[in-house]
């Protein structure tokens, strides 16, 4: 709670315009919506610039529907991640304006993404790269998150290091980007290679794509953390949403 | 076996009131109920203050039913954890006075929990905090365990560190508690933050909520073990029961 | 900041006894002592009941001396852990009333421990058990911490599970304790065995004692986290201080 | 191939009783039965004292049936481990004299176990202990393996360290045993406690029973490897068969 | 190699101004300085906006001196990280304009840092937070790196979550920052707590500060990767340099 | 892009045979086939001697079919690995000349394997060894991969170290091989034993066969990496394809 | 405490030969020698057949000397493991009859090992195998332990699987042994290979010999736990003492 | 022992030219030189094409000197790896013709390397790449090993992926190589990038270069095992010798 608001309140108390009890109450007002099992942080968009995002994994269907419904009552735009298709259907039935993206299992409320994409065709952009086709769900989670927050997003998929010419062919689009999201599983080498080509930040996202000694994405995660290139920061395994969010903060 | 009992027995032997063979038998009497695949520790309530608790995971349905039935023959109150819904149904059919809590998959025998809760509304209390909605099953396992043992329990759910004001708003209830249970998955930061605010003990319970580099709760577990705050002790991942039990011991 | 203090302050502002600017300042006063590289939490003893403890590992000698000196200016009692002998010597030269315990490398300022121990000979006590002689440094860190905070402490050392009779011989002292600290390295079995004998809490401390597959205490840590006995909570590897602190909270 | 056999062969060659080509063939004769995807080591019973045992996990149903059938053609007794119920049924239809034990999923061919058990009621015995009811499948795999090899086997189940009196009550049977198999999951403390009571070997078998930080039996495995008691050796997680086999070697 | 340069070259070839062999050579020209054991990427400042940085760990003293000397011949500013004091002395003797920062073991060539800091006192800034005094070397590595690249940098040290008021007291400076670097060891909770308070990016740096189950920084690393707050990206353990570099890219 | 092609192109430009714009286009031509979610590296067979191989795990059925179809349009031979039976059926319906091997789940397009095998009966050969029957799927993946690339392949299955005579009996075939692939799960000892017998390279492939402390093939992987025999190199767990590919490169 | 002794005592009480208080004392007599930081289990030789062994790692020099001295007062033979040379010297100065073996850092008190070895030249023997020269310290720890307990011990060193003929050459000695100890680092393959050749038990000891992915002996440990051969049990990494002790129990 | 030799021997026995006892002896003759703690496999050069290599780590100085001396008595060329400088000096004093390479700590006996290198300037070659200057010791171990075995070796050092142009500049030399050794620490991305450019095998060697989450080379090891490029096989961390040996086998 910032000092400006405290000063105003104190001055009202001094002038008698505000009784002590009300002032006390005002200083402790609840900036969230409590539905028992969840306290919706409706104050977050003021504090951090974007509404609370609903992480649906581990929540019951009922909880997910209720939480999205309540947030949609406070905000024009709501984002829900890791939404199973049947839960998405239930939310769409209860809340108007839903778009469900099934590859990244992402649900966006009251958000004509395509129009936004058109509007965002010009200006600074985020570019999302991914190493292989199996990394698509994570890459799309990142791309649509950034788009739904308002960023222009470009995509360059299946540009893994096994065929460098596919990557080098995208070099100009990559070098003109304002910020990069690089998604890769297996050995996770792509961020290092790309990072050496550009002067902007690289947000690296390891995926759980692979088998054997990939240990659910651990190999890619460690590789990215140990990147010999400066300017690379790393997200949790499969955290496309986080990368899209972070990239938008840089890009806006 | 304590020396008081040995002395009495020896004196009876000396006086001839007890034949040697009977004394020998008495010194070796079985304080448990043996049903072959399990030896029920019916002596435990005398020794540790609470009957043996039935951990149902890994037991067959038949074994679970039989064990609960036998314990219910010895004790007025029986607790069974990790009970699948169908097993709970089978137990309820065989044993009178069962209440099944489906969120934490906990079964309490012969225990009018609600009445106990009313009685316990006053006095020292345990408070159970959890970081997110997905941590509820573990938090409820802790809360109901402590309640069914006789403690007054308060709850403050979804108060994770991402929105500190939600937590700070509960500050008074938290600071007045006699002991805290703090349940969190993902990065497991909540116990450290809460621990710096209070003068009582914090029992931290990591949950397996998360994905990728949470490695089934390992990230939260390590974070809690490394808490920079003194006064924090840690339970196994998802061990809500253990936390409720430990908290009751402090609170009684 | 609790509402009681806010209410008083607001009433003074209303009555004109306190100018707005001073009230604002009062609401934002620094309850810590800033020496650049460290912000000493001198407010902590009010908040959590005990002064901030100085963890010396990773601090330069100069920093350790300065921090202990400053805290000793605010509090009658200061505790510093993981103090190397040469650093202890430097602190003792700069601050009056130091006692240095070299087995646990613990430094206590202005605190006649022996007298306190005498005074604490009666009443509720913490008992510290350790499995082997090599666990002594951690056990003593726990014992002296609890003592210097004001608890009566008993010790029962080298009572590992390999010779159960050594442990069973201490049974009465153990069962009469108010809270147990159980310190063990290697397979870390002692807390489970002890936990089945008592009705109070067990604070388990794994140590890094061992070799090979003990992996620096990991084996003992995992064993304790997986204890089949209810009523056991676990500290970080070698964290004797934390156990002593937690035990005192229970015991006071 | 031992020198005695070579000498005989060479003497036959010298005397002309054996042509060089036949001798060469004899020196290279196949002491196994080749069915393409498997080379059955029918020579093993001569070499190691017991026929090859069929580990069915990872084999197709067809392969399992064929292998057991072929081995049963060479030996009076065949043991198959990790046999799924439907595979057991298929084997029983194809091979005479099968007994299937469903708890340990073990199949014994041409072996009247009960009669053997009766015969083995006297003399030196293996005792199998397990900590909890959920450890039964592994304990029974060990017990039946040793029995089917010819050892007398005693059982003492659910004697975990949480209620020491249950264990101590079995002390005489345990101390009279020739060799111990101790099966435990969770913290795996039982072998250390038992090992301190006896003068014979303890074969410790960690099980995957547990959750959270038990990491599929890793916690119990590490605990057993780090046992502070001499005379304990460890098997792979859930390897009841191996323990039974090893114990029989000691016991015979 | 960008298409603009290829086009120009092709046009010169067409016009005959450039012989084919020379054009071929030009297309393959070496944009680095080769000293045998190292190929100095002198082209990097054009490509990525900053000269190659010398990571001195694992290099012999001779190699470090030679590499810094050669880079200083190409660039006005050179940065060397993980420089041991004696190596720094040797470099300073060989290259003019060195400043050595001993806490982060960082060497900056030809760079009046204090003047730059003065100039950068106004405008957008990076703020570096650290949880404890022992995290200072990593925090300073981050701060000086960003400063030497040209960013204004603020510092707020020892603001760990154990005493939230120390952190909240810095709230205004933190909220006004353009980008945050948050450095923490042990449980690594600080980035999550800070991340919930701000609308800008948080670059989280785990440190190896801690003991026991911190496993050399692994606990903090996992905590940060699993942050429940959006807008957090993570660097390798102790990688202050990388954080400073990344933050400057965002800030410029 | 090799210098020979650049020289030719430059000479055409010089002679005026090629306009600058076309030359520019030619230098940047796409040597891949882009189907949105995948960029097929149709240039790879020129660069690395074999067409791109389709790794089907993690791809949707639609993607797998489309990618194989497109590659089959460019190349006479296509290899797809980790193909589920139903996906294989869909591909076979869409592309002519498919052979599906169900044990290794490998699909080969337009490739009469048996004829090739016949042709390859003579000359240098790869030999594939596996330790047990459960390792067959990986061993066959290796064998068929090498065969479909054109190598003669021999097989020696179920020759694990538990019965050395089964292995020694194959000694001549093994010693005459040009390169060995050794596939083993569990303790992964076979490559070390075989490696000491031969003068050629051993390509070791750990499999996920095993249970408990095999940790999904980790035990075998570590064993092979630590082989005390020189001349052993290791593939990822279960990577039969990679071993077959590598072996063919050595053998051709 | 066995029932035979209780019965005798009870009968003495009954006959009046033993007063109640003395009987009580007798039932609780301390079967250990308490020197404060250690409780010497002088009763162990009766209970388990061999005196307590002193594990010197982690004990101060003073503690080690005192403990050995006290045990030597109770027993004719004392074994101390992991004894640093300077500690051994100190013990030898204080206790008569010490022999120090510097390769395994083992100290034996009052024990003419060579004479015992001569006496033990005939009859059943333990054979100790090791894979390489660097495994010698662990192998010798095992061998001397078994010898000093009274077993005949044979040695076959440097018989690793890389040169099978070195191992096969020892086949007769190995096959005639009563029990095997097999010591190996790196990939730890030796126990599996040897185990397939013999009909007796194999006690496998992984060593920390190796580098890189041996991870301090973890690779060898996992390999041995996953041995495909029945009849293999495993000790902790570098635990030669434990293997020697276990082997003697089998051999006696 | 191959059948050709057996046949000859048998024929001599048949003809009476060889007495049975001598034949038996011949069949069991020791193809190694036994010096107690080591059995030197002097037969290996016949069996595998190269003399036994002495791995000096973990051996005492005396053992290393003796072993090299004995091998030098059997072979014209001896290789010793991981030789500390002082041990190298001792060996050089005892054995004629030593060359010691201090960067890779490799000792070669009786081997004019430079002359060999000259001779090997033409023809097929191995190329050794390394990512950074700190990887040099491992890279040189690989290069000198292959050279001393007789291969022509090229070097391309410091060509890490952070500056792709440095790598691409070596493309022709790389593509013309017969086999590649690629050495890299940190994220270990180089083998994947190089592997996509060539049609020959890549032998990838992870190094322990790095810090934090590199975990002693684990990150690089996992990355290389998960390479998305076919034709890559992996060695143990820092195993330059193994890579050089394997590469020579391919190259000869």
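Order of writing sets the labels: A, B, C, D, E, F, G and H. Residues in every chain begin at 1.
Rule of thumb we're sticking to: contacts are C-beta pairs under 8 Å (C-beta built on N, C-alpha and C of every residue); 3 or more make two chains touch, one makes a residue touch a chain.
The model shown is predicted, which means the values in this text are computed figures rather than measured ones.
Steps from subunit G to subunit H, taking the shortest chain of touch contacts, total 1. When the partners of subunit D are compared with those of subunit F, the chains appearing in both lists are G, H.
Least step count on the touch graph, subunit E to subunit F: 1.
Here the repeat of G-H among E-F, D-F or D-G is D-F, since over half of its contact pairs match by residue number. For the pair subunit D and subunit G, the CA-based superposition corresponds to a rotation of 180 degrees in steps of 5.
In whole angstrom, the spacing between the mean C-alpha positions of subunit A and subunit H is 49.
Centre-to-centre, using mean CA coordinates, subunit B is 54 Å away from subunit F. Our note on geometry: subunit E versus subunit H, Cα centroid distance of 38 Å, whole angstroms. Listed for subunit H are residues 3, 28, 132, 162-163, 196-197, 212-214, 218, 221, 225-227, 236-237, each touching two or more other chains.
Chains touching one another form the pairs A-B, A-C, A-E, A-F, A-H, B-C, B-D, B-E, B-G, C-D, C-E, C-G, D-F, D-G, D-H, E-F, E-H, F-G, F-H, G-H. In the complex of the two chains, the subunit C residues touching subunit E come out as 1, 28, 30-32, 36-39, 41, 43-44, 52, 55, 57-59, 63, 67, 82, 206, 208, 216-218, 221, 236-239. Interface residues of subunit F, counted against subunit D in their complex, comprise 132-134, 136, 157-159, 162-163, 165-166, 169, 209, 211-214. Those residues of subunit D whose C-beta lies close enough to touch subunit C in the complex are 131-132, 160-164, 186-189, 192-193, 195-197, 210, 212-215, 218-220, 222-229. Those residues of subunit H that touch subunit D in the shared complex are 3, 6-7, 10-11, 13-14, 16, 20, 23-24, 27-28.
Residues 2-3, 47-50, 53, 171-172, 175, 196-201, 203, 221, 225-227, 230-237, 241-242, 245-246, 249-250 of subunit B are the ones touching subunit C in the complex.
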